[in-house]
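In structure tokens below, several structures.
The two complexes that follow have chain A in common; it is paired with chain B in the first and with chain C in the second.
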Partner chain A sequence: MKVTVLQNIMNANDKIAAKNQDMLEQNRVLSINVMASPGAGKTSLLLETIRQLKDKFKICVIEADIASTMDADRIIREGVQAVHINTGGECHTDANMLGAALEDLPLKEIDLLFLENVGNLVCPAEFRIGTKKSIMLLSVPEGDDKPFKYPLMFSTVDAVVVSKMDYLPLSDFDLERFEKTVRGMNPKAEIFKVSVRTGEGVADWTGWLEAQLKGI
Partner chain B sequence: MHELSVTQGILDMAIEKALEAGSKRVTDIYLVIGDASSIIDDCVQFSFDFVSKDTIAEGARLHFQRIPLQVRCRDCGDVFRPQKESWECPQCKKWEVDIIKGKEFYMESIEVD
Partner chain C sequence: MKVTVLQNIMNANDKIAAKNQDMLEQNRVLSINVMASPGAGKTSLLLETIRQLKDKFKICVIEADIASTMDADRIIREGVQAVHINTGGECHTDANMLGAALEDLPLKEIDLLFLENVGNLVCPAEFRIGTKKSIMLLSVPEGDDKPFKYPLMFSTVDAVVVSKMDYLPLSDFDLERFEKTVRGMNPKAEIFKVSVRTGEGVADWTGWLEAQLKGI
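Right after this comes the complex of A and B.
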């Protein structure tokens, strides 16, 4: 006998994501899921963001890593609270992992919460976790063809940060073509061109964050 | 590569639906998965055989219907399959497109005894 189901396989995850979202919104936390390949500069961007904004806002970072606590340690050295989630070998953070981390945080006191996802352009895009915004980084050395390889990621994020812009003169990364591709797939996405090393574009990025914080 | 966690969700859903229908055995599970998903069919079946042991879905066969990526031009409305390194509309040459197929990830039906 055939039984019709027609249900999204991610249903159970999405229900928990909705719960996370409610909890974050009730506590007026601006939550941001930060995704990118390993080595694209997620932690460096967060460290620079913390330096720029920590006097104005209470910031907290959840670091999801397959194994080490290195990234969380770097955040803590900037004087900001960081929580480490060990994903136990999983390639992504799911809603359940974020939910468990949220339970241990003083959400009422937090203005800005980053979830630094596992370095990966594929799987994190498939799991809703309940953050208000999701952003991704694409570093110049990775190449301008990546939107075609990872369309799910590029077409769903709220912002794309092109990182390591100081490498641009050394590479054949076609910035114009890249921007045209991303805007074509995802017209709502903001694009920021940033180098943490030179400081290029950092103010545009933090300005966007401050504007989002006002709307919370 | 997260077939194991996804497979547990497939198993739970199939068992729930079978019990709701008053049946005691799931023999087949029909899944619809878009090509934008990273899921690999063989890995899911492999994980499924492992997690379904000693359940009413043990030994069930998984069937995958794959949906290719398809986009629609926001300018002229043409629907097409994008090329590997270009999503340019073949009709009007614009680059603005919406993904309309290829993101599917659902259970279509199950076959039960």
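Right after this comes the complex of A and C.
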């Protein structure tokens, strides 16, 4: 009984995800689902990305949060439009929530749309929502064993951003082992090594985004 | 429809949680639900706790994981019994999963039972499972704003362990502000500041556990 109901919910979700995808593609919006644990640095990476790219592209951010509007407020202070989705306690964003947010946005004008998903390595990976690309951050202090624990997330994203690289000297994170593991699970995924604090790797990440924007 | 089904699931869950609680109390087991983000250092804290207390108390660990048995294997190497629960993709442990694990354990012999929950700050807080105490770890690199984002977790636990204190010099984590926030949401919660790597604060944490064990 429980399984059947969940199956129906997932089918309905996928239909709305396909509709979201059509709407985003028709309006030539590069849409990116950004996933990570709490505290991996999603908002910080988005803020730095906005600083680097906002003069070239029209950027917008949808912030999914369980309770607060703190992250949306930080984005707005950078002079970029941000929409807040309160997931009402849900641990992920589903296609319906994204669809409702899209209705409020001037999609024709937007080049690059980020959805900052709820901080969680499990549930967000299970829901198709209709974005063109999905990426995840893994911060160095979380440890290099995470692909084994969250294989669905690591094997389905288009890019993995290793964040907080400035913590590496204090950590036992083995970058070589990590990259080998990720490439084994997901050969097509790009891997970026970034520290927003020092600026390391930011240009590689924004360069990738610019390349994706050309293909839209 | 979805809401009704979820409500029924939660009621059924709470009944099983009450049964688990009875069973643990009758056997005078101090049971602790350990929650945190992925990579906050749950397993490392448990391993250090085992090293400090295993000569005095009979300890057992239930490891809930989505995919791997890596954490359970690490516990077993310390010479302590560990049971692995594969949550089958679920982002939390429910009362039924704990109940099934309890059936396999020699509860009469156990003094201290840890359940290491799935790495997630959302879903595990929503499920009563029947443990005596619930605690959470927040690692310094995750940032001091997390209570605002995950208020249910922070306001319901019995203790908050601030982990990875050795990262503090590289971080902008404001301990004073964090403690004030947590005390505002949850005045009764204990707050421990721990680094397993340097040993800082470990004795405070194990001292609290020993005090709880006396009350069982």
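The rule we apply is simple: the second predicted complex is superposed on the first by the 207 of 216 C-alpha atoms of A that agree within 3 Å, B and C clash if a C-alpha of one lies under 4 Å from a C-alpha of the other, contacts with A are read in each partner's own complex, and residues count from 1 in each chain.
We take it that a contact is a pair of C-beta atoms (placed from the backbone, for glycine too) under 8 Å apart; a residue touches a chain by one contact, two chains touch by 3 or more.
Note that the structure is predicted; figures quoted are calculated from it, not measured.
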Touched partner set for A:155, first chain B, second chain C, both or neither: first
First (chain B), second (chain C), both or neither touched by A:145: both
Touched partner set for A:49, first chain B, second chain C, both or neither: neither
Touched partner set for A:7, first chain B, second chain C, both or neither: first
Touched partner set for A:170, first chain B, second chain C, both or neither: second
Partner chain(s) touched by A:187 [first = chain B, second = chain C, both, neither]: first
First (chain B), second (chain C), both or neither touched by A:66: second
First (chain B), second (chain C), both or neither touched by A:122: both
When both partners are placed on the shared chain, which of chain B and chain C touches more of chain A: C
First (chain B), second (chain C), both or neither touched by A:33: neither
Chain A residues contacted in one complex by chain B, in the other by chain C: 1-2, 5, 9, 90-91, 122-123, 126, 145, 148, 151-152
Chain B-facing residues of chain A, complex: 1-13, 90-92, 94, 122-123, 126, 145, 148, 151-152, 155, 180-181, 183-185, 187
Chain B - residues contacting chain A, complex: 1-2, 5-6, 9-10, 12-14, 17-18, 20-21, 23, 31, 36-38, 69, 74, 82, 84-87, 94-97, 99, 103, 105-113
Complex interface listing, chain C residues touching chain A: 1-2, 5, 9, 37-40, 65-68, 70, 89-91, 118-123, 126, 139-143, 145-146, 148-152, 164, 166-167, 170
